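Structures for review follow.
Next, two complexes with chain A in common: one pairs it with chain B, the other with chain C.
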Partner chain A sequence: MSHHEYQKVEGRIFSRSFFILLTFVLIGMSLIVVRFVKGIGAVSNMNDGYPWGIWIAYDVATGTAIACGGYAVAILVYIRNHMRYHPLMRSCILTSLFGYGLAGFSVMVDLGRPWNAYNFFLPSKWQFNSVMFEVALCVMAYSMVLLIEFLPAILYSLEKSKWVRFRRFMDWLHPRLVPDKKAVLDKIERVQAGAGWLRPRLEKILIFIIVLGITLPTMHQSSLGSMLLIAPTKLHPLWHTPMLPLLFLINAIFMGYSIVIFESIISSYSFNRPYESREIAGVSRVIPGFTVVWMLVVFGDLAYRGQLGAAFSMDHLSLWFLAQMVLVGTGSFLLLGARGPSSPRRSPRRLFISAALILVGGAVYRFNVYLIGFDPGQGWSYFPSLAEIMITVGIVSLELLGYLVLVKMVPVLPKAHGAPPLQTQNA
Partner chain B sequence: MQTRRSFFKTLGATGTGFVGATTSASASSTPEADNSQLAMLYDATRCIGCKACMAACKRVNTRAGALEVEQAAFDEDALWDAPAELSGKSRTIIKLHRDEEEWSFVKQSCMHCQKPSCVSACPVKAMHKDPVTGIVQYSRDTCIGCRYCQIACPFNIPKFQWDKNNPQIVKCDMCISTNLRDKGTTACAEACSAGAILFGRRGDLLKEAHRRIERKPSRYYPKVYGEHEIGGTNHLYIAGLPFEKIGLPTLGTEAPATASEEIQHTIYKGFFAPVALYAGLCAVAVRNMRRNGNGDPEPSGEDPGAADESAKR
Partner chain C sequence: MKTTSRLAENLPRRDFIKACVKATALMGLPASLSSRVEAAAQTAARPTVIWLHFQECTGCSESVLRSSHPSVSELVLDLISLDYHETLMAGAGLQAEEALHASMEANRGKYFLVVEGAVPTAMDGIFCMIGGKTALASLREVAEGAAAILCIGTCSSFGGIQAAPPNPTGARGVSEILPDKAIINIPGCPPSPYNFLSTILYYLTFNRFPELDALRRPKFAYGRRIHEHCERRPHFDAGRFASEYGDEGHAAGYCLYKLGCKGPVTYANCSVQRFNDAGVWPVSIGHPCIGCTEPDVMFHQTVAQKAQIEDPTPFAGFPSTEPTPKGSGPDPLTVGVLGLFAGAGIGAGAMLARKLPNRLDPEQQAEPHPTTKSDDADET
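Entry: the complex of A and B
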């Protein structure tokens, strides 16, 4: 692992976007307090017919797919052996880490009896028939793997940093609050030495952790699809199929590649860095293969089960189905038919639109499976309440906030090469 | 009556007990329905809608099942317990279904499926089907509150206490820790004066259901609901109207849990596929790294720790 591929983003941590995000975080957190005091019903519109709302459909089912950038790029780099994408790895792992963190956090808010969650660690309580058991253990393991994968970056900063912010903070504090400056600085030196000792050793075995980080998402992303297999009477036949695990897996991979493009362009734009044009154009070339296979499986499976009629019946559900297909299809079509990174079809603007379309399409598919195509009967209905949405917004803001702060403290983004995007874009 | 009592005696003697019985753990393939399990038969044509069963259920199970009295909007003085639906406060309910010409009462409560989806779904064994009695029980001490059981249940039976900060799942457990333990029958069956709710072994009740239908064919819709639905249920129904008219879902004969477990177990059989995937990917990744030679400061072998340790010595 070569650390010179990466660099920190220069700039203040307490920027304006920091405080805007912080506001959302605080709103979300106070609503979470209400939820833990008065019960889930006090903040959400979930009910006995729709026991899973957006906290599961968005934060978990969609959020972890959006967080598949680290998984998708790791396949590209380590399995397909395209080392030129390696500079993208670190930011992808960081967003994956935050994405899975978001899912885990939401689950703890969503669980009715979170204090019993330790039962996942008691072998006597393991229930191997339960899809959710597999998903839960796998997601927890993967979060740990992501953390270890990101550790070298943190160790590197601990080791090489001059601790300027920390020193300034100590100087800023009243002398009486800093008991022994010399002892503290001494400790820092020991931390640096420790980080320097650990990092090369960790990096040697890192490849085995990285491969684990490819295996685990393959398992739980497919299982996220299996989750709804048990409800054939509730999930509409447009989506309920034995192919659900395969469809969710492919969906996660192409959403992973799309989010890499999406996020790279956004961060180039907002941190005023040059576009990583070559890398994202290369990544974009991988996407159509996956989306085309996915669409073929979807339609082939519908034809096999004789449900093609339902897909084009133009009722409410058929429109949602078509939306999912058209979004993914259009996004992929925009990527097709161009050779070479300099082709106009590979312009950042074009790539951004494609990636966004595919992401929205993939997300609509997951919402269709978890919420829209799910009908418990008996006239139940569900639409998320404002408080429920604000809790999700708060958790997502927390994730973005963490990302914003970390990229300024740890070398995460690829080292810039080439000219930054036009200044006017960054108004 | 005698058979039931002796049945309980045997249970006590063998020390299995109801509560402490071991897990079912039976994985795939729906077995033949076990007719020795405890069951209930609801005869909609005999039900007079007195709701004594609802009152008895709540009287007996309020504390053990964390139930509550439900006050109707019009009832300012809280004179009645008036649930409108099954909920986190009520385990059973009598409803009236009617259109222009016909009407029928119908009881709603847990169906105690032979192959329950909720048990298959629960990640931590908080839902558990006793292999001897067949009662599907819930343990709030294990439950994490994920509500996957609610997603899975085709009858929408498990209910969640949305308004509590220590919520639990509420559903019928055949009075396992209350009336069944004390009196050997469920509170609702004991309270029913019209003979609409019978408690007994599944096989006996099936026979009784068919006997009633045969004796008065004009009175009954000629089927026993729950005999074959999703692999059989231990709560059986006979009625004068087709079952879809009294709010019972039309279901196939295969248990959804069987199909979903089959897919999941095919993928994860013996954990072979994930391990093979990991090993294969490792081989590819390590080979790639060696081939590149520059990805790592020292291209590592299969066991990178070993070289390090020997260097130290």
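Entry: the complex of A and C
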């Protein structure tokens, strides 16, 4: 692994987007405080019929799929051995890290009683027959794996950085608040030396962590589908199928590739960097393969179970189903074309539209399974409350905020070659 | 009066306490009152009881005696001083008549009269004669000095099978003949022995009779319809019925309403208290209720006749079978904010897509990365 593939983004951390996102984060966090003080009923519309609201349907089921970029690119790099995609790796791992970490955080907000959380770490309390346990364990373990995978970047910064921001912060502080400038600066040297000692050792064993990083998502992304297997009477037959685990796994993979493209284009645009058009074109070429298999499985399974009529009955569930298929289908169709520099996959606009459509389509599929096609019967209804939505918005904003700050502090994005010096424009 | 009753002496302590607790629960009293019931059963003076039989089958006495619950028959017989009971007493003839009169004189105004069976009134009541007297005369004579009358069974309460049309003997229930006396009806064919026992224990505990309904039945036992707490009720609410004996629905244990079950019009606690101390009752073994505790149902309607349902929906304490809306739907503000986010997202996406270049000039593209192997044919 070469650290020369990556670079920091230059620019102010406290930009306008920073403060906008911070506002949403603060709103979300204060609502989370309300949730823990006054109980879940005070902020959420969840009920006995719908015990899983958008915190599960979006933050966990959809959020972790969107965070599958790291998984999808790792397959490409380490399984298919296309090392030229390696420069994309670090930003993918960072988004995956935020996606998974905050999915776990959402579950904590959703479950409540945080003082019982330690039980999760006691093997004597484990229930090995539970799909939910598998998901929880994998999400927790994968978050750790992602953290370790990202650690070399942080260690590298600790070691090589001149600590300019930190020094400026010390100067900015009132002299009385700064304990002893010289002692602190000495400590910096020791941190740098420590990081320099740890990093090469970590990088030697990193490949084992990477193996875990590919295994774990394969396990729990399919389990996210298995979770709904126990609800044959509640989930509409359009979506309830023994194929759920497979469909969720394939869906996670093509959503993972799409988010890589989506994120790369937005980063290039907002940080005013050159487009990584060759790499993302290569990634995008993989997507239609997965989406076509996925759509074949969906329709083949519907035909096998005799539910094709329900898919085209044009009632509101059928429309949701068609929306999911049309979005993914259109997104994939846009990616078809000959190879080469004039390929449609070299057009950032086309790639962006395609990735956005596939992401929305994949998310609609997951919402269909977790909420829209789910009917607990007896007249139950659910629509997220404003506070519930704002908590999710706060968590998503926290994800973006963390990304925005870290790309400016740690070398994450691929190094631009032969391009004009980097200047933040819109971020 | 602090004499220990023979009941408490003869029964094992554990069985005695159990019987008292059960009776307390049956009367619908708080559990904390069970100690008072025990105290009453243990120490209260045993009231004198005179038990008269008229037009009947003795099923009610059988029910009380043959109850297999630990020693309930003993409980009843030891609890009360049963001075006269035509089918149980050892004496007969003149000796028995003398015992009756002696007891009536000694306890005038204090004894209880238990009546089993209907009283014939046609042709001066000559259809039922005991000791040369008509049932009507015996009843009037004994009832005169009685503190209260307990009518056990539907015959003495409402006339029963004897009073069914055309009623040649002019049979009537006791309350029709003596409307002004203090009468408690414990109807049933036969009634649950525990309803009878609990009424007596209630009196011994509180020195007054339990609350009665319009037909003078204790409300604790006859306050609700069978239909309201029947174990097959969910099938009724869901529309699953047995259509004939032995059909699929009958075998599956569905509601017996279509077979003529009178549960919807019959006030009794059979489905809760049950019989034979084995937890059975007619509906549990697949036979519809015949409405034996009601004056105008049993012997006035055929078994197969469907009951008129006054109140088709379950009472409020039941979970609803209608899909009533639960949970909260979208509110305008939330939808508005959500729309705002979605609109902003779509708008920003569209604007970005518009600003993104459709074609890249070669210099706008990043150079191939040094680590990129040039032998990768795809996309280069």
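Definition applied: the second predicted complex is superposed on the first by the 412 of 427 C-alpha atoms of A that agree within 3 Å, B and C clash if a C-alpha of one lies under 4 Å from a C-alpha of the other, contacts with A are read in each partner's own complex, and residues count from 1 in each chain.
Everything below uses one rule, namely that a contact is a pair of C-beta atoms (placed from the backbone, for glycine too) under 8 Å apart; a residue touches a chain by one contact, two chains touch by 3 or more.
Predicted, not measured: the structure shown is a model, and the values here were computed from it.
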item	value
Clash or fit (per the criteria above) of chain B with chain C on chain A	clash
Which of chain B and chain C A:H220 touches, first, second, both or neither	neither
Touched partner set for A:G377, first chain B, second chain C, both or neither	both
Partner chain(s) touched by A:N47 [first = chain B, second = chain C, both, neither]	both
First, second, both or neither for A:H236, with chain B first and chain C second	neither
Touching partner for A:M83 - first (chain B), second (chain C), both, neither	both
Which superposed partner A:R199 touches (first chain B, second chain C, both, neither)	neither
Touched partner set for A:R349, first chain B, second chain C, both or neither	second
Residue contacts on chain A - larger count, chain B or chain C	B
Colliding stretch - chain C into chain B, listed as 236-244, 290-298, 326-334 or 362-370	236-244
Set of chain A residues, in rising order, touched by both chain B and chain C	2, 47-49, 83, 86, 377-378
Complex interface listing, chain A residues touching chain C	2, 5, 45, 47-50, 82-84, 86-87, 265-266, 269, 274-279, 281-282, 285, 339-341, 343, 345-350, 352-353, 356, 377-386, 389, 393, 414, 416-419
Contacting residues of chain B [partner chain A, same complex]	27, 85-88, 117, 119-126, 140-148, 150-152, 154, 156, 158-168, 247, 249, 251, 256-257, 259-261, 263-265, 267-268, 274, 277-278, 281-282, 284-286, 288-289, 291-292, 295-298, 300, 304-305, 308
Residue ranges of chain A touching chain B (in the complex, touch as defined)	1-2, 36-42, 46-49, 51-52, 78-79, 81, 83, 86, 110-114, 116-117, 119-120, 125-134, 136, 200-201, 203-205, 207-208, 210-212, 214-215, 218-219, 222-223, 226-234, 242, 245, 376-378
Chain A-facing residues of chain C, complex	322-331, 333-334, 337-338, 341, 349, 352-360, 362, 364-373, 376, 378-380
